[in-house]
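In the two complexes below, subunit A is the common chain; its partner is subunit B in one and subunit C in the other.
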Partner chain A sequence: MKQALERHLNILDFTLASLLRRRAKNLSLLAIYLLVIFMLASLAFFVTALKKEATIILSDAPDMIVQRLMAGRQDLVPADYAVEIAKIRGVTAVRPRLWGYYYDALNGANYTIMASEDPAVASGSAIIGAGVSKARNLAVGDLLPLISYDKSPVMLEINSIYPHGADLAAADLIVISPDDFHQLFNFPGGQATDLAVTVRNPKEMSTVAAKIAGMFPDSRPILKSEIQRTYQSIFDWRGGMTLILLTSALISFIIFAWDKATGLSADERKEIGILKSIGWETSDVLLLKFWEGLVISLTAFLLGVVLAYGHVFFLSAPLFAQALKGWSVIYPSFQLVPVVDAYQLSVLFFLTVVPYTTATIIPCWRAATIDPDAAMRY
Partner chain B sequence: MRRSVKYLLFTAAILAIFLLLPLHAHYTQRYSSDEIKLQMTKLQGLHVTDLCLATEARYTRHPALADRHAAFQEHPLALEHFPSGSMILPNILTRDTP
Partner chain C sequence: MIELSGITKLFNSGKPNQFTAVDNVTLTVHPQQITIFKGPSGSGKTSLLTMIGCMARPTSGRIFLRGVAAAMPFQQEGLEVVEITSLPERFLNEIRRSTFGFIFQQFNLVKGITVLENVMLPAYPTGEARALFRARALNLLEQFSISRLAGQRVELLSGGELQRVAIARSLINNPSIIIADEPTAHLDSKLSQEFMAIAGRLKGEGKSVLIASHDPIVFDSPLIDSLVEMRDGAIVDIRSCR
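Let's turn to the complex of A and B:
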């Protein structure tokens, strides 16, 4: 046992010395390998954590949203739609929702304005998201001036500010009273942006949706499950961001493995020839190359995953944030709750470390089985 | 100290950090679950339907409620204008029949 351990330590010593001899080449290889693993692991952590947050946040979404379409665009829903829908068996409540977007010409930001019946939101006051507070430098008690659609000013006193922790749902929100909403947007009475429908039995959701679509052919019911599925599919591996990163990382990795698998350099062949001529067994040479592959790939894997965890959960994924932010002025601070998916990490390990190590051994096995004299003369 | 032992110690240290990641995630989740519940209570009643990921366009701010021809929102033949529109793809709804 001790002898076997000593043999491995000796070969590892030789491997490290051999890697350090070609320091520049191997360090750059390690750096690029680490970058590939880092990007893939960051993506896996980011997507899994966002999916989990989406599930938690969207658990409060209405059972069904009913929109009205006009010429292929969303239009206002008349109040009598709500009355008719409430009569459907299984529907327990229909709540007209008032919400819209406000473009702030001062800073170029877009806000989501929602009306709430909550008594905490009195007329002339507002609850704002942390993103709005930051963009307009507002604190509780300050006045938020908005310009209504008839160009008259609407002054809202900040009642409270949603905490940064709620940014993923409310960074750009301004919650105001229905009266202020009507005044701000010159919104017609007896209309709603859409309807939030509550259904008693979740199994009846599709039936109720079909009945609503039958009653009002211009309506578009969107179920809660469909809202949740939207977010699962945005962060699916086929999603835009995921696919771009996955493809570029995999192509880089294939180039690595291809470079390794297609053959050895003349120097490496010569080294194998010398080692065999001074008495190394083929198995020793293979063990040397195994360690060489493992040192590079295992170090890159472990460091890449640990750095990716820090990038996503401690630094709030600044690399992905830029991609998602685009031209947005208000952007949520991503304090994601860490989630580690063992399955994803195992897949990453078996897709990177195992093929790389194998790709290192195969050409060496070919070189190690030929005559040392021929290997040295190559 | 031998080079191999130094390397093995270094690997053992990163491996230990690697193995601690699920534990850290578990304890952070446990610690923050109360905080998330508190924040969700504040948002309750608003019935939020979408995550605030990108605020530059309607169809990336509310992808679940966007028009059917998203990402070509402004016109069926209009080319994608906003950067986040290439990250957040159009929503294709498929409903399970009862």
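Let's turn to the complex of A and C:
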């Protein structure tokens, strides 16, 4: 056992000395390999973290949202619906919600405006997201002028600003009082944008939804699980699009790596002959080549993964953010919760390290099976 | 003692370009002696040495190692004779590694690594602790007065220094038989004589030295014990020089 370990250590030792001889070739290979792993791992980390983040945020979302459809489009929900729905057995609470979008012509951004019954948001005041604060250069106590439906200004005093930690949900959010909301949009009284429904038993969710649809044929109940699934699909789709863009880089790398790994120079052939003639077995030569391939690919893999981790979880993935977070003037800046998917990392490992190491060994197989006496005749 | 019985080596056997490199050679090589294989190019010297050194198998005939401490994993205590021609490749490798040391015509050192690493190279796959064979390699460099070159890359060495490194490498696994193929082909007269002096020293240490050469400095050397003259793959004369 100890002897076998010593053999591996000795051959690994020679591998490192051997790699240093072809420094330029191996370093350029390592750099490109590292870049590819870094891009793929960043993408994997980022998509997984976004999905996780979305799941965390949606865990606070209402169990069910009830919208009303008119001619296939979403329309306002009469407040009476809330009273009727609240009578359904198993429904704990029904809350009419007032929210909408506001286009800010000053900087071309879209804000989400939401009305809150919270006494902290008195008439004439607002709580804004960090993205809005940055876009309009606002601090607590400043006045935020919004243009209402009839072009008259509505002045709101900034009460507080949501921290950056809430950016994914609140970067573009402005929370105002229901009175201001009605004034801003000329929103009719006794109506709501939608209804947030809370159900006591999650297993009864679909039954309650079916009852609501039966009571109000023009309503559309949307379950939280459906929203979660939609978000997962969106991030998977965006990740897939980015992966397609990266594919050309990946294919170029495969061609490059294949050429570098499989190209056995005359010097390398001669070296294998020398090793055989001084007593190295075919298996020793293959072990040397195995370590050569593994040292390069494993170093690239580990460094690439570590750099990708830093890129995504410490720097918030500046290289991918625009492509993956969505399209907007206000991009939420937030620190993602570090999530590492072992399955994804294993797939990346088996798609990069294993093929490269194999590609290094195979061409040496033939060279290593030459008769050792060939070296006597160089 | 090495015994060769009816050794024949054919290349391209059965094809129109069949070539007989060694033709029915029967020979006894005595231990702790310097044996020279003399003959022109193509006389079969190198082919014969590769078969003795377990690098190639004869087409027919047998080779016996008697009283040689061959590292045989299956060797039973007291077994004095090993017939090497019928052994599987793995055992041949093991014998080649532990029993024979090789010095090649072109020295065959690996470029880009240091003198010390080159000397240690045959010991890497043996599974011996690195510290042990490193100490042995440093000791060999000391013996051949080249320890100052230990950290030097081999491509920067002179012909004489390369030769000493090659000799040191052949001794790293402490073999009992040294095989040298045209070792003086690229050396001037002074360095060739120096090589023969080293061969004499190795013989004095109890090693058998087998040299293939057509250099008069080698086969006229007073240090040699027997001379085997070859031509066209066959032995034409065997002479004891003692």
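One rule holds in what follows: the second predicted complex is superposed on the first by the 289 of 378 C-alpha atoms of A that agree within 3 Å, B and C clash if a C-alpha of one lies under 4 Å from a C-alpha of the other, contacts with A are read in each partner's own complex, and residues count from 1 in each chain.
Everything below uses one rule, namely that contacts are C-beta pairs under 8 Å (C-beta built on N, C-alpha and C of every residue); 3 or more make two chains touch, one makes a residue touch a chain.
Note that the coordinates shown come from a computational prediction; the quantities given were computed from them, not determined experimentally.
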With the two complexes superposed on chain A, say which partner A:267 touches: subunit B (first), subunit C (second), both, or neither. second
Touched partner set for A:96, first subunit B, second subunit C, both or neither: neither
Counting only touches as set out at the top, which of subunit B and subunit C does A:299 meet: first, second, both, neither? first
Looking at A:61 after the superposition, I want to know if it touches subunit B, subunit C, both of them or none. Which is it: first, second, both, neither? first
So in the superposed three-chain picture, is A:363 touching just subunit B, just subunit C, both, or none of them (first/second/both/neither)? neither
Once chain A of both complexes is superposed, is A:13 in touch with subunit B (first), subunit C (second), both, or neither? both
For subunit A, which side has the bigger count of touched residues, subunit B or subunit C? B
Contacts for A:278 in the overlay, against subunit B (first) and subunit C (second): which applies, first, second, both or neither? second
Common interface residues of subunit A with subunit B and subunit C? 9-10, 13, 17
Where on subunit A does subunit C make contact in their complex? 2-4, 6-7, 9-11, 13-14, 17-18, 21-22, 267, 271, 273-275, 277-281, 284, 287, 371-373, 375-378
List of subunit C residues in touch with subunit A within their complex: 46-47, 49-50, 55-56, 89-90, 93, 96-97, 102, 104-106, 108-114, 117, 121-130, 169, 173, 181
Residues of subunit A touching subunit B in their complex? 9-10, 12-13, 16-17, 50, 53-54, 56-58, 60-62, 65, 67, 69, 72-74, 95, 97, 101, 109-110, 112, 114, 116-118, 129, 131, 162-163, 165-173, 175, 194, 196, 203-204, 206-207, 209-210, 222-223, 226-227, 230-231, 233-234, 239-241, 295, 298-299, 302-303, 305-306, 309, 313, 323-332, 337-340, 342
Residues of subunit B touching subunit A in the complex: 2-5, 7-8, 11, 14-15, 17-18, 21-22, 24-25, 28-29, 32, 35-36, 39-40, 42-56, 58, 60-65, 67-69, 76, 82-89, 91-93, 95-98
